[in-house]
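Below are two complexes that have subunit A in common, paired first with subunit B and then with subunit C.
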Partner chain A sequence: MRKKKNIFSKLPLNRYFDILMLIFLTAFPFFTKEFRVEMMGRYICYAIFAISLDLLWGYTGLLSLGHAVLFGMGGYMIGISYQIQNGVVPAFMQREGITEIPWFYLPLQNPIVASILGILIPALFAALIGYFVFTSKIKGVFFTIITLALAQIFKDFIINVQKYTNGFNGLQSIKRFSVNGSTPLTKTTYYYVVLVIAVLVFIFCLWLTNSRVGKICTSVRENEARLGFLGYNAGAFKILIYTISGALAGLSGVLYAPATSTITTEDIGVTASTMVVIWVAVGGRGNLTGAVFGALLINWAQSILSEHFSSAWQLIIGALLLVVIYFIPNGVIGQIVALQRRIITDRKKNKLMEETPKSKKMAVVK
Partner chain B sequence: MGTFISQLINGLNQSSILLIATMGLVIIFGYMNVTNMAHGSMIMLGGVSAFILMEVLHLPFGIALIGCFIITGIIGMITEKLLIKRLYSKPTETILATYALSIILTELVRIKYPLSQNVHMPLPGAFHIGRVTIPYYNIFILVFSFAVLSLTLLFFRKTTFGKMLGSVTQNRTMTECLGIKTSTIDTLTFGYGAGLAGVSGCVLAPTTGVSYDMGSTYLTDTFMTNVVGGIQSFAGTAISSGIIGEGRTITAGFLNETWAKIIIFMIVIVLIRFRPEGLFTKERR
Partner chain C sequence: MKNGTFKKITAAFAAVSVMLAATSCGGGASSSSSDGDVIKVGVLFSESGSTALVEKTMTNACKMAFDEINEAGGIKGKKIKYIHEDYASDPATATEKIKKLVEQDEVVATVGCYTSASRQATLSTLKDDNALLIYPTYTEGEEVSPNVIYVGNMPNQQATDFIPWILKNVGKKVFLIGSDYVFPKTCNKQARALIEMYGGEVVGEEYAPLGHTDFSTIVNKIKDSGAEVVYSALIGDSNTSFYKDYQQYGMTADTPICSISIDESNLQAIGKEFAEGHYASMPYWSSLDTEASKNFVSKYNSLFNDGTVVTVLTEATYDSCYLLKAALEKVEDPTDTTALINAFGGITFDAPQGEIKVDENNHCTWVYSRFGQIHDGAVDILYTTDKALRPEPWPSVLYPEYADSNFMPSWDDPLCYPQ
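Here is the complex of A and B:
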């Protein structure tokens, strides 16, 4: 009995928070309208996206300002898949004079294959970029700049190859995973599918960050030079974590596009990449809970507030980011965890001070 | 052949614009080691002040140039005092804070001027060699950017302030021990860098017009130019802006603007993989 209590008191506060959020999200469809459920499903996709950035930024200390590129790759894969079902050439391709589906789109006809590719291609892309950036001696800051440039260029690219991607207008009528013409999932079922995948991703990340690889990634953040002295190849671990993060971002994109049934260039550019950074910064980085909480909180706030302040929303976001950096640098959840840790250590110290006889007190203080 | 030559001359124009836009970044990013994501917004602010000075207040171009330098310089100094001072040892937080600042500045300008504004050409006309046309203003930008480059070099090499700045970047503690106020130097240097960005915005304004989102494209371009040239090297930056500007214009002539950007981006990534110090920096150990 006593042992059990110990385990619970050791568990950080944010894990209780996770359980509370999970219970809330599971019960959510029972007491709201269907369109709210659809919205929440979208935000859970965003939460997976935020987790993928948290792995990269919170745990490994690599800030990416172009993470939406990987998200968009996943979304576009599944989006294209539903444009070319049953060998129909979509209208935007016919307008440009394409009468046959191009060969590189053929494997995407099957949505399952498209989803798998939507996870693999961002991962490979991340690995490639990671190889060039992380194996050189370049400063860490440059990764941020490269990813920012990437976000701008990728958006330009998608708009430019309008023949194949419908440019500015984006892709519409993406169905919720109807395979071979079967009826698509209902909104509520799809919500639970997304939720289950989100929980699996969360558990995977929890395992990953507590494993040896995760610990090494944390030490990349803390002191990369020393990690090198200990004989670890920091670059390889950075590439690995960027690849995993890319795969998860792609997965969130694959789930997101059917949830809204559209994907446009708005979802892949610099603005989208900034938003995910802000979710993680506000929620708190480096503890997974913060990413999920931040994504859900900011998006709800946006859906409620932007009705009143739609013109000034970006301004609010900028100011919010400044407030977080200067006043709560750990983010909301990070602050709570830090507070709890401090209380526990204080209590332990006090306990020891009370229990030990006077002569030993000095030793304890040391 | 004529088109190719005019491509080359356009490229030269692009390069001189890149050079003058990157100069402020060499100071702020290279010397002060502050990753200033608000650099693009500073350029944009320079453009907007040029618009206000020239089109609203009807001042001549020369005064607008100085005015832009002073306005953005002061904004830069305020930024340094309020935001960046507290973040010198935290690179990630600096990126975020300056990025947030750039969002705020962009939005404030967007609320005031939601549409792209035109600034009249201070040097109209062009001269013709055969089929090739060169506007006088392009020649002015080229000469002006090299003038600013040499002035900045002189300023850094010859004046007391420049030498103080050099010593601050080399050994901050020692400089402080010698009785130099390093925090004032930081503020003034940041102001100077921001002022240069403002001047480049002012020079750009007549060619491209002024809009609230002009900063974001220049932000990545200038960072890339700077890193390819070597972050602390003015001469390297001049050469790399030449390479990137010419490369992009010539590629754009064969394909189009977007593909030119993509190809140059890929080349830059591969280059920094093998020359992380920049192309024109001597290997230091």
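Here is the complex of A and C:
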């Protein structure tokens, strides 16, 4: 009885932090310039992307160094959609001698269909890769290496099929969801659309990680062998969580491309994949808050520092990252959560000490 | 143990507070667009990332030009204040930074961008905010945006004089190679048309992936093709490997490589030994033996001792700044972007390469055509046009239909630029 009360009377500190961040982000457009709002909108897309990695890495213990592949698939779907509006063959295709829109691009003409495909295709791709990797019991660092290779292969693939993707130059002029030639959403409206979707994703992930599936995923991270002895098929759960993570990464890409109006191969390769790992590592993994906080903090810091120290900003960021990783390996939010947990257990231990008779207490101390 | 934990916590808080301090001081200092006696100009080149090394010389050129303009009294008594932003070789960051320059700093124009990818990433912002970008890099053409002035040369300005000369003096059997990218493919398409027009023969065409470094197969293909000359549009670091492999697999400068995409910094990387005897074409070479060019090179070298060398990009960026100055002097109100863009039509500048002019109609620039043979790591100029050549964004050899409309489709044609 008492144990139950102890846990539920105190919401973890990071949940208060979530609420604070939400209030801040909601109020943000009221006290800043429009282009900062646009920037923040873009970083919220990154936050969704970071959440998708946190599900995989933080909760399930599967570090992916190729997560930007799934993000890029989403972004490219919507990007292509805006290249082929009204049946016009884009200049980069005409240059390569294509006179008609290829049949496999036709469904993408409608941005809504493109967005749905931008979520489904990365999910399917993740499921497929997950199927091959996890049913053949590839574990730990080998999964990481496979995803790393995947990131490089996917980037080279996009560059080499430039006939269809405009290669290295990427896709431009992606509108903020104008459907059938209607005027695109304004920057501020789009910001709130992204924010609402981010909140929904966050709540979904909160629910997921506290559900049975989430608990099993955490056990995969903690002790996969024991989970197997208990009769669970760990592989199936890993495929499931990779698929969900893929869908969310795709969703973040779908939202991101219109926010910047451009998507290029810089957004999908190894570098982009490493960046998201850094955000989650700095914020703290396995509690969702850390992923969001890390993504927002690092991107803001990068942007503001580069405005003020245009030649030394990367050094400053690098030094700060080293400090965080070295002194607080759990990440900023992860450290706060760990501290709170320690305080609670300390208090419990003290109570236990007080309740035990003196003679026994001596024994405990000894 | 307790002490250690305490230290860790302190360090954590210190780190967080430093980060927060850095972000918050950024927010505070960012609204300073009220001083009336300066003209703000953006400079957008990478200081970090994969193309930072090349773009460093462009940033330097801007510094040099704007400092000179300010020392000479500025523009109608107003000093130029340039704001440099680093887009980290990343197109998405370029989009963000151009927005920052235009919407927050309210610059009158921006000199910047190196890759086509970064230029194209800025186009929709430039259009939405009606802003101006002055783009100094040589480019593949087949794009003209109403919000961009292209100071770098178009492919026709390198090829129309170079190719007949090659066919006459070097050889008639030409092998085309390039990186698998828009720029080389577009240039080679034009080269092929010119070669056939002047009675030469294309004996092969090969493309290597961007950043490719193993050219053994391609060199063997060149050997087997019986080519007398190789016409190259390889870009970036691939050149270094290509020139080395070319010699290693038994080819010599008797079958010379004629490149339209190497400059002095590539020559440095390739090495004197491997580049000797080959040919190259560009609007400007730092070996140009005129008073203006010699002064330009020696001033640059005395100002910047950071390992960069003067290339065609340095010169074009320097010219961009002076063309902007001339345009700013022509307009009443520098913040009126439409008037400023219109003011560019027909302005001239006595550049280190000679007198250049922005075309009255198509936003591109009349520049010289120069080529020569590489000797001892520098280019011995063999040929220079008498005056600047007309830019043809849609070259007349391939698109005769545009020859009467300033070598471009009409401004409202969707083919004009990605929109």
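By definition in this document, the second predicted complex is superposed on the first by the 320 of 366 C-alpha atoms of A that agree within 3 Å, B and C clash if a C-alpha of one lies under 4 Å from a C-alpha of the other, contacts with A are read in each partner's own complex, and residues count from 1 in each chain.
We take it that a residue touches a chain if its C-beta (ideal position, glycine included) is under 8 Å from a C-beta of that chain, and two chains touch if they have at least 3 such contacts.
Predicted model only: the values in this text are computed from it and were never measured.
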Considering only the touch criterion stated at the top, classify A:Gln314 as touching first (subunit B), second (subunit C), both, or neither. both
Examine A:Val270 and indicate which partner it touches, taking first as subunit B and second as subunit C; both and neither are also allowed. first
Applying the document's definition of touching, compare subunit B and subunit C: which contacts more of subunit A? C
Contact-wise, after the overlay, does A:Ala225 reach subunit B, subunit C, both or neither (first, second, both, neither)? neither
Would you check which partner chain A:Ser173 touches, where first means subunit B only, second means subunit C only, and both and neither mean what they say? second
Once the shared chain is lined up, is A:Asn160 touching subunit B (first), subunit C (second), both, or neither of them? both
Applying the touch criterion given at the start, work out whether A:Val133 contacts subunit B, subunit C, both or neither, answering first, second, both or neither. first
Have a look at where A:Val88 lands relative to subunit B and subunit C in the superposition and call it first, second, both or neither. second
Indicate the residue numbers of subunit A shared between its subunit B interface and its subunit C interface, in ascending order. 156, 159-160, 311, 314
Which positions of subunit B touch subunit A when the two form their complex? 35, 37, 83, 86-87, 91-93, 95-97, 99-101, 103-104, 106-108, 110-111, 216-217, 219-220, 223-224, 227, 256, 258-259, 261-262, 265, 269-270, 272-274, 276-277
In the complex, subunit C touches subunit A at residues 8-9, 11-12, 14-16, 18-19, 22-23, 25-27, 29-30, 47-48, 84-86, 88-92, 95-96, 99-100, 103-104, 115-117, 120-121, 123-125, 142-143, 180-182, 185-186, 209-210, 414-415, 418-419
Subunit C partner contacts - residues on subunit A that touch it in the complex: 33-36, 38-39, 42, 88, 90-92, 94-95, 156, 159-160, 162, 167-170, 172-173, 260-264, 266-267, 297, 300-301, 303-308, 310-311, 313-314, 316, 320, 323-324, 327-328, 332, 335, 339
Flag every residue of subunit A that touches subunit B in the complex, lowest number first. 61, 63, 65, 129, 132-133, 135-138, 140-142, 144-146, 148-150, 152-153, 156-157, 159-160, 270, 274, 277, 281, 311-312, 314-315, 317-319, 321-322, 325-326, 329
